[in-house]
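Next come two complexes, and both contain subunit A; in the first it sits with subunit B, in the second with subunit C.
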Partner chain A sequence: MTGSGAGAPASCWSCAGPVDAALPFCPTCRAVQPPRPLDHFARLGLPVDFALNIAELDRRYFALQRQLHPDRFATKTARERAISQSQAVSLNEAYEALKDPLERAIYLLKIKGVDANPDGCHTVKDPTLLMEQMERREALMEASTPSAIEALAREAASHVSESEAAIAAAFAAGDLDGAGRETTRLKYLVKLLEEARARKARLTAERSSAA
Partner chain B sequence: MQFLQIHEPGETPLPHEQERGLAVGIDLGTTNSVVAIARQGKTEVIRDAAGSALVPSVVAYGEDGVVRVGEAARRELEYQPETVVSSIKRLMGRGAEDVKTLGGTLPYELGPPAEGGMVRLKIGERVVSPVEVSADILRTLKDRTEIALGQNVDRAVITVPAYFDDAARTATRDAARLAGLEVLRLVNEPTAAALAYGLDSGSEGLYAIYDLGGGTFDFSLLRLEKGVFQVLATGGDAALGGDDFDHAIAERFFKERGGTVSADDTKQMLMVAREAKETLSEQPTWSARIAIGDVQSSHTLDRATLESVIAPWLDRTLTICRGVLEDAGVEPAALGGIVLVGGSTRTLLVRRKVAEFFGREPLADINPDEVVAVGAALQAEALTAGSDTLLLDVTPLSLGLETMGGLVEKIIDRNTPIPVAKAQEFTTYQDGQTAMAIHVVQGEREMVDQCRSLGRFELHGIPPMVAGAARIRVSFAVDADGLLTVSAQEKTTGVEAGIAVKPSYGLSEDEMAEMLRASIDNAREDMDRRLLAEARVEARRAVNAVSSALVADGDLLNAVERGAIDQAVAAVEKAISGNDRDAIGASVEVLEQATQQFAERRMDRGIRAALAGRHVDQLR
Partner chain C sequence: MAYSEKLIDHYEHPRNVGSLDKNDDNVGTGLVGAPACGDVMKLQIKVSPEGIIEDAKFKTFGCGSAIASSSLVTEWVKGKTLDEAATIKNTQIAQHLALPPVKIHCSVLAEDAIKAAISDYKAKHGTAKAAE
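Up next, the complex of A and B:
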């Protein structure tokens, strides 16, 4: 989104003049404008792409929050305060969705028309994936020392990185089916990693309270 | 990305600030409170004649009708302990039922709860709520600043523990309102500390704030980067603090001396316990001969014993630290530093345990008692005078709804950046069901009865349908203060119900109004002044909008039309300089009517320009 050609201008609520729909501020009177329906990438001024530079994402997010966060409008009119809050809400939503690779993959598939089935734990059709995950989960359940769990968590973490790279490659090649399959796998791996961390934390806490 | 440049950061200069009083930062603590102010980035902690910044969070409601706050109230502990209230922060936003589960001997006598179930204390003939007690402390801080600086104080940033739930936050806001302070923002204590610390040291990177106060513990993980203070994760316990140490020591002393213990005895023994604890931060042993009630006794305590008494609480804080780090996937080694905040971090064992856990010495070169108020003052200045720094905070606890079988459906997860809005659809589970009860809870557990209940409301008028056909969308919104609003709507018919979640144990609007009437004579005046200020802000916004439009598109008007608009603008400006709120509002309305046709022409021009732009694009 570059701001031009985004269709008919909206009307500024404050000075009633024309405002390009993609702009958060009125070019004439500078009043903050309500958030428009933009996709998360456009909202943060980023290209629609899985391979995203996190430092750039942070930079854009911080720059926009600096202008739009309610803290900037504490002494403005009630209407401006309310609008800035909805702008900040939209920014946070976009940031949260893009920051995490799994969320980003699911979102990107969604806007490209593929339902990655976010709660689809029960509908995995890939038997290899199913076997792989069951084995890993069993190994985790059997691990009884923090160091054994740590080793499993490290392994899961490296699989997560590999999976993210595979998703990036699939998107780059325009292979949405492949990206979808790999996203389902990533979902499992992330869950496994979370469980490993939680189990390790529990075990460490038990040990330190027993000591 | 042209829109990044349109509005320069920090370009929110606020004209006519002098119409308003000063905006201060307040750390409303369990044990002590502190007030500070920032001007042009320079902070000043308000001190008494003796140079002390700490106002004990103690209030005495004398039989003579006089309310004493701070040192004066603490002195009353010796003579009339039954009139003295301390550690009231622990009861903020609590119901009578909660208090029973707080454990320990509370040094209060409870009165009949308020209408909404909020706990109240019985002090002699008086019955006071925690909100009123806190308001008395806030009023003292306000007065103290006004006397010290010779200026009116009417706005404040007030800090709360990051782990304070919605009920406690609302109670804090209500207390400020009672004290005649407009709350610019509630800021989490560790975030305020980070702001003061980061700006002071110019630090960048990941920092952990370990904040152990009198009654609350918070642990927050932040990223500091070029003026941005981004909270990544936070955890804590709203009922764990130095008070617990005092109670444990007091209990030990009572055991040593034997005999019965009254609520007043507890208050006095807690004073002794605190003195022992504080002495042991400086010296290896403490001993004293005391007389409480009719019993005389002598006690000794050495540092090793103190440490074994308080160790269990410190282990609990470290378990919380571990959880927060795990949550964020951060190793202790990745931290740029650990900052200690809160008076209880003066206890030597706290420093030792924290150093051991993180494998490095914590940073304690800032005054742990004052840093939170200083951060709040900086934020108050940022909000009123503009600033380049930005605080990005998170929700400390997950927010959800009760579903079938007493289970919790989470709508907003903990550690989500605020402000945030999320919605979820539910459906009816019985044929012909026309109402749905919505029970809002806060907490991490899966069962409703293990979470904190924030409020209940009902959505009525759902048209009778078969089970599962209705689509009820429940929306949660958390603002930048961490306060929640919930609303519900049936999507197929548009029937709506909403509440600003008034916590189960909060004040009703009527109770609030009654208290305002009773507590301050000038409440009405305060309110009028505030509404007048708001009307002026709105009127200036309208004048600014029209002036900008005239600069951009003034050529669309002939001289007569222009004259009419100029006249309407002049009328608004004249009204602004007066004190009549209604006249200001009326003049703005006239201005809006006078510019209606002008606005239409501007839109026409804008649409033509957009079409032309598109045409040019297509030619390329």
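Up next, the complex of A and C:
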């Protein structure tokens, strides 16, 4: 592995011919190639951009998955089976990271050098965001009927869409700070939406078992 | 993952859950959040004229470790002076609750919350100084 990024020339392990790092198969002998160190966008043949076309992402992912699925290598050598396995893993990782807007924003910030998801000693000091989230979470705790929770979930879902649009606009304008701030906000909004859905499911289950 | 008994006790029976009036002059409010998990933690202290923390309340929306950390801090700060309360370190919280490494940030959040509450109180009383 050359380790020098997308498009770097590599050679095929089987026939030693030249292989483009972005290609999973050798153009000369057709042997499956180990996954090269590509970013997730390059692995799926997509431009590095937050605003991606989900249908296009799906199309590319499923096409590659069909070619690389370990089932297709059942009759091949152990080496090729192992390589196809690691290709399938890399492909799934790339797809998972790109299909979800929050994960995509975090990943895109990361490859642009901004850590939007530090898991260490880092706390948010954005009083407006925190106040707003505290109020919404309290409102959710106090909501006692499925329809009240549903209304809060709908509101949260529309805030999630607005936030995704704001992140797209910030990336389009090259405003990484803005994209980072909005990504933190999206994280909170997604969490709120998940909580609302979980609470509604619990409440609905309790009611139907009580009935 | 095995959690300590103390942690589970604070999680299942959180102490001092609730709110104090944030507009009360004797109340300091700290509001902090952890971006890694979308948690939000509110910690409030009520300070006597002698500068002793006579009551503390918290409200945390987050994981069990975040709830336990804030519950523990409200217990620890009661009866302390502001300066004493400001010396609480996340490492003490993490140690007491035997937090697993991936949950250390929850204790950091609780430390930041008490510091934020103290500086809010001090700001209200014009004795604001950077609480680090």
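What we mean here is this: the second predicted complex is superposed on the first by the 197 of 211 C-alpha atoms of A that agree within 3 Å, B and C clash if a C-alpha of one lies under 4 Å from a C-alpha of the other, contacts with A are read in each partner's own complex, and residues count from 1 in each chain.
By definition in this document, a residue touches a chain if its C-beta (ideal position, glycine included) is under 8 Å from a C-beta of that chain, and two chains touch if they have at least 3 such contacts.
As the structure is a computational prediction, the values presented were derived from the model and not from experiment.
K.L.:
State whether A:S144 touches subunit B only (first), subunit C only (second), both chains, or neither.
P.N.:
After superposing on A, A:S144 lies clear of both subunit B and subunit C.
K.L.:
Decide which partner touches more residues of subunit A, taking subunit B and subunit C as the two options.
P.N.:
In the superposed model, B touches more residues of subunit A.
K.L.:
If we overlay the two complexes on their shared chain A, which of subunit B and subunit C does A:P27 touch? Say first, second, both or neither.
P.N.:
first
K.L.:
Kindly classify A:K187 by the partners it touches after superposition: subunit B alone (first), subunit C alone (second), both, or neither?
P.N.:
In the superposition, A:K187 touches subunit C alone.
K.L.:
Kindly classify A:N92 by the partners it touches after superposition: subunit B alone (first), subunit C alone (second), both, or neither?
P.N.:
So A:N92 only meets subunit B here.
K.L.:
State whether A:R197 touches subunit B only (first), subunit C only (second), both chains, or neither.
P.N.:
The first partner, subunit B, only.
K.L.:
Quick one: classify A:T128 as touching subunit B (first), subunit C (second), both or neither.
P.N.:
A:T128 contacts neither subunit B nor subunit C.
K.L.:
Looking at the complex, which residues from subunit A come into contact with subunit C?
P.N.:
Within the complex, subunit A touches subunit C at residues 116-127, 129-131, 133-134, 137-138, 184, 187-188, 190-192, 195.
K.L.:
Could you pull out which subunit C residues touch subunit A in their complex?
P.N.:
Against subunit A, the touching part of subunit C is residues 31-38, 40, 42, 59, 61, 90, 102, 104-105, 108-109, 112.
K.L.:
Taking the complex as given, what residues does subunit B use to touch subunit A?
P.N.:
1-4, 6-7, 9, 12, 14, 17, 184-185, 225-226, 228, 230, 315, 319, 322-323, 326, 329, 379, 382-384, 386, 388, 390-392, 416-421, 477, 479-480, 534, 537-538, 541-542, 544-546, 548-549, 551-553, 595-596, 599, 602-603, 605-607, 609-610, 613-614, 617
K.L.:
Inside the complex, what are the residues of subunit A that reach subunit B?
P.N.:
The touching residues are 2-5, 7-9, 11-12, 14-18, 20, 22-25, 27-31, 45, 58, 62-67, 69-78, 80, 85-86, 88-89, 92-93, 95-96, 197-198, 200-201, 204-205, 208-209.
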